[in-house]
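Below are two complexes that have chain A in common, paired first with chain B and then with chain C.
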Partner chain A sequence: MKASLRLAGGLLLAGLIWEGAVVVFGIRQSTLPRLTEVLAAIAATPGAYWSGFLRTAIETLIGFAAGTVVGVANGLIFFRAPILRDMLLPIFVVSQTIPVIAFGALVVMWFGNTLMAKAVIAFYLTFFPVTVNTLLGLHSVDPRQVALLRSFGATGRQILFRLQLPMALPQIFVALRLGASLSLVGAIVGEWFGDTTGIGVLLLQAMYNENVIAVWAAILCAAVLGTGFYALVALAERRIVFWGAEQ
Partner chain B sequence: MNRRHLLTGLGAALALPAIPRAGAQTLTRATLRLKWLTQTQFAGFYVAVQKGYYREAGIDLTINPGGPNLLTENLVASGADTFGLSGGTDSVFAARERSLPIVCTGVMHQQTPFVFVARADGPIRTLADFRGKTITTWFTGANFVLLGMLAEAGLRPTDFTMQPQQVSVTPFVDGQIDVVTATRYNEFYTLMTRMGRDKLRVFVPDDHGITFPRDTVIVSEQTARDKPDMVKGFMQASIRGWRDALRDQKLGVDTVMAVAPTLARPHQEFMLEEAGKLMVAGPAATNGLFWVDMPTIQKAHDFFLRNGVIKAPLDLAAAYKPDVLAGIPLADRMA
Partner chain C sequence: MTRHRGTLRGILGGVLLLTVWEAVARGFSLPAYTLPAVSDILAAAWQHRAVLAAAGWITAQEALAGYAIGTIVGIGLAGLLVVAPLLRGPVLPTAMAINSVPVVAWSPLVLLWLGVGMGSKIAMVALAVGFTVFLSALAGFDRVDRRSVDLMRSFGAGPAGVFWRLRLPAALPLIAAGMRVATVRSLIVAIVTEMLGAYGGLGWVIYQSVTLIDFVQVWSAILVASAISLAFFGLVGAIERRVIFWR
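Showing the complex of A and B:
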């Protein structure tokens, strides 16, 4: 409770500094508008911002969830079958070095202006860090612990679910926190390829109409979404990896 | 809720989808990919959707906005979109040169939609004064229009500095560059509001004999060949939507603002008015909206060929199809 009060205080302070700096230093609106102007712009058409927020949130979540599932599965498969790891991981690495924007136009051709198209880009950015960190986490398990469990007669499945996956969780969560921000980036970039709803669409419209207040309004929405999502993942981490969350 | 209500509800739920389906059988699904983000430059299409004109023509149309990273010609040629509103005669030429199977069935802007703007109180009074100055423009065709204009004023490409223009007109407003390119309906508004109309000196390509029709309606060759009725229906419905949007501009702006509520209304009102002027100008005054004026296109083609923008002459009769509009009575085409 105390911590959240402090957080609220910090946000209020940051807002006051923003507002005050613009007024005191006479910063031009085209450089940085006042916070109250930005909030008023959101309040003027709340529906547009809310539906954009929801749409982008859903795209992010779907991409993130798919990326997590596929990433953990990849990690397990690569852990069990090093041959596959040696064959496929380099290809994954290559795929990640291609800037995501290069795929945007293709994804539009394949999936059209659908929610899926954005989720696919969010997925593309999420699955790789999860794959690598799952693999890393599984490898970090002490072989003596595995040997101990095996000496008790534990099956492979039991070792996996009782020892290896739990031990890999701290590493996996590092990737999930990264994935939380990356999947939002993916969703917003996806929306830049001709969609009608979303924070990315609002951002693009504002940018090209040189409507600085609307740019900041969209940035604010993206920040709330990104921070909120990150906080949720961090909260889940604290609950699930109660023995060693690193914060 | 008791069981009987539940059953009636279920029955209704099962029966209801069947009703639109029966009607939908006659509707063909199609998409229109715009050349840019949702704004009143495209108001007529949105009005036609809202008033059901496309449905009356048997088309269930979805409008897909464009964006900075999309090329309408590619999306239409690949079949991802049915109809496209593409850059203009320039991008149609470029697509045909790359053998993309698309044809143009309508032209929205009959006059060059962009102008070149200098400061009214600055040293640039005539085209000859562009010598030694820094100009930003779009390297998608506008650059060649300017090169052509300046060539006629006796300037060679080495006599001035031409840079690609980014999103913002701020560098011009701040005095970092001397000449900026502006569409009449978009950037020009920003310039006017930030500097004042009387502070701007405008150079119009059409005044210098270069007319460059833009905002072209395109379909794939296959669609044009296999579904001529749908293409005609689309043009007819689009014209109806545009007539409404131009006659009742408040309706046009309202319809677009309903789709994109965060847009700035005054800017959108200005845009629709200016875009409307471009649509009824020139040959459209006698031949109606969307008219594909072959002589003007031929001139633009020859101009591009002369300047080496297109390498070889194109078969314009294969690329431009004015006959779709010719099949619609003239009275129905007039704005």
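Showing the complex of A and C:
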């Protein structure tokens, strides 16, 4: 309660500083419009912003969820089958260092301008880090603990669900937090290749119209979505990895 | 021995992937918009080598310039906050607010501010790299053990001495890790911003090829981008091993 009050206070203060700075320093509207102008632009056509927000949020969420499930499953497979890991992990690591987002163009060409295309981009941006970190987390388990559980007669499945996966969770969540921001970036960039709704579309249209107020309005939407999504993942982390050390 | 075997399997995996790719594309004679054969992509890249090299050079310059600026500003700002803790109050929330927006959402605004030329891409890369390096540098500077600082103080070291002799070396591994991640990010951001508007560069080539439905050209541009990214990543990694020799 106290934290949310402080957050609200901080946001209000930031808004006042923004508004005040523009007025006091006489910043031109084409550089930085007043916050109230930006909010008024959103309030003027709330439907367009809301549907764009919703569309991008759905794309991001579908891709993120699928990327998490497939990433964890993939990490488990690599953990169980070292041959596969040795053969495929280097490709994964190399693919981490290439500008994967450039593939966004190809994905849009494959799936057309559908919601699915953006979800796929968000999916593979999440899927790589989750796979690598799941594997890292599983390998970080102390072999003596595994031996102990086995000496008590635990089956492989029990060891996996009672020990190895819980131990890997902190590492997995590091990847999930990264994936939360990456999947949103993927969805927004995917919309640039031609779509009709979404935050990326709002950004693009505002840029072509050289409408700085609309650009800021879209940036605000992206910030709300990005922060909200990240906060959700962080909240889930605190609930699920309750034993983890707070940073 | 096991390490050797791992490398061998990795190479085998890469070769296998390329072979399957080539075989599938040729065997099913897939149309280029689904999946062009590896040999076709390489041939196209060679055929358009002049265009691709010019575009790659532009993108590399933007990424390098932005990377240099971002690294210096990021480390400098983090150092400033350590030396002058009073600045943390205003600077940190501002930085977090800017960082809460997905980085690509700033691209349209920066393009409107700085124009379609190289300046806007350099600014975007500097922004993305700056944040990555800033956050890791700040974490590194703060990681120093309080008692070590006290010990150096008791020996008569001033704040500058503590910073140069203790905080900076202690923070280097984290700074280097941030800089390594930032290499990949710098190329992605340069390419993504070029997609929105540019006079040249790999992102521009990709966007043009998508609108012209020239799929092989998209793949060869991705190939060049990946090669540059890998080289950059390898270079920074090699420098890191030289500088942080004690790791």
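We take it that the second predicted complex is superposed on the first by the 243 of 247 C-alpha atoms of A that agree within 3 Å, B and C clash if a C-alpha of one lies under 4 Å from a C-alpha of the other, contacts with A are read in each partner's own complex, and residues count from 1 in each chain.
In this text, contacts are C-beta pairs under 8 Å (C-beta built on N, C-alpha and C of every residue); 3 or more make two chains touch, one makes a residue touch a chain.
The shown structure was predicted, so the numbers you read here are calculated from the model rather than taken from an experiment.
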Taking the superposition as given, does A:I91 touch the first partner, chain B, the second, chain C, both, or neither?
second
(message) By the touch definition at the top of the document, which applies to A:A206: first (chain B), second (chain C), both, or neither?
(response) both
**Request:** May I ask you to decide whether A:G226 touches chain B, chain C, both, or neither, giving the answer as first, second, both or neither?
**Result:** second
Check: Who does A:I62 touch here: chain B (first), chain C (second), both, or neither?
Finding: neither
| task | Classify the contacts of A:F193 with the two partner chains as first (chain B alone), second (chain C alone), both, or neither. | result | both
Chosen between chain B and chain C, the partner touching more chain A residues is C
Note to self: Per the contact definition in the header, classify A:L106: touching chain B only (first), chain C only (second), both, or neither.
What the structure shows: second
Residues on chain A touched by both chain B and chain C 30, 101, 105, 108-109, 192-193, 204, 206-207, 210
The answer for chain A against chain C in the complex is residues 10, 14, 30-31, 83, 86-91, 94, 96-103, 105-106, 108-110, 181, 184-185, 188-189, 192-193, 199, 203-204, 206-207, 210, 212, 215-216, 218-219, 222-223, 226-227, 230
In the complex, chain C touches chain A at residues 5-6, 9-10, 12-14, 16-17, 33-34, 93, 97, 100-109, 111-113, 183-184, 187-188, 191-192, 195-197, 202-203, 206-207, 209-210, 213, 215, 218-219, 221-222, 225-226, 229-230, 233
As the complex stands, chain A meets chain B at residues 30, 41, 45, 47-49, 101, 104-105, 108-109, 112-113, 192-196, 201-202, 204-211, 214, 217
Listed in rising order, the residues of chain B that touch chain A in the complex are 31, 33-34, 36-39, 62, 64-71, 74-75, 78, 80, 167-170, 190, 259-264, 267
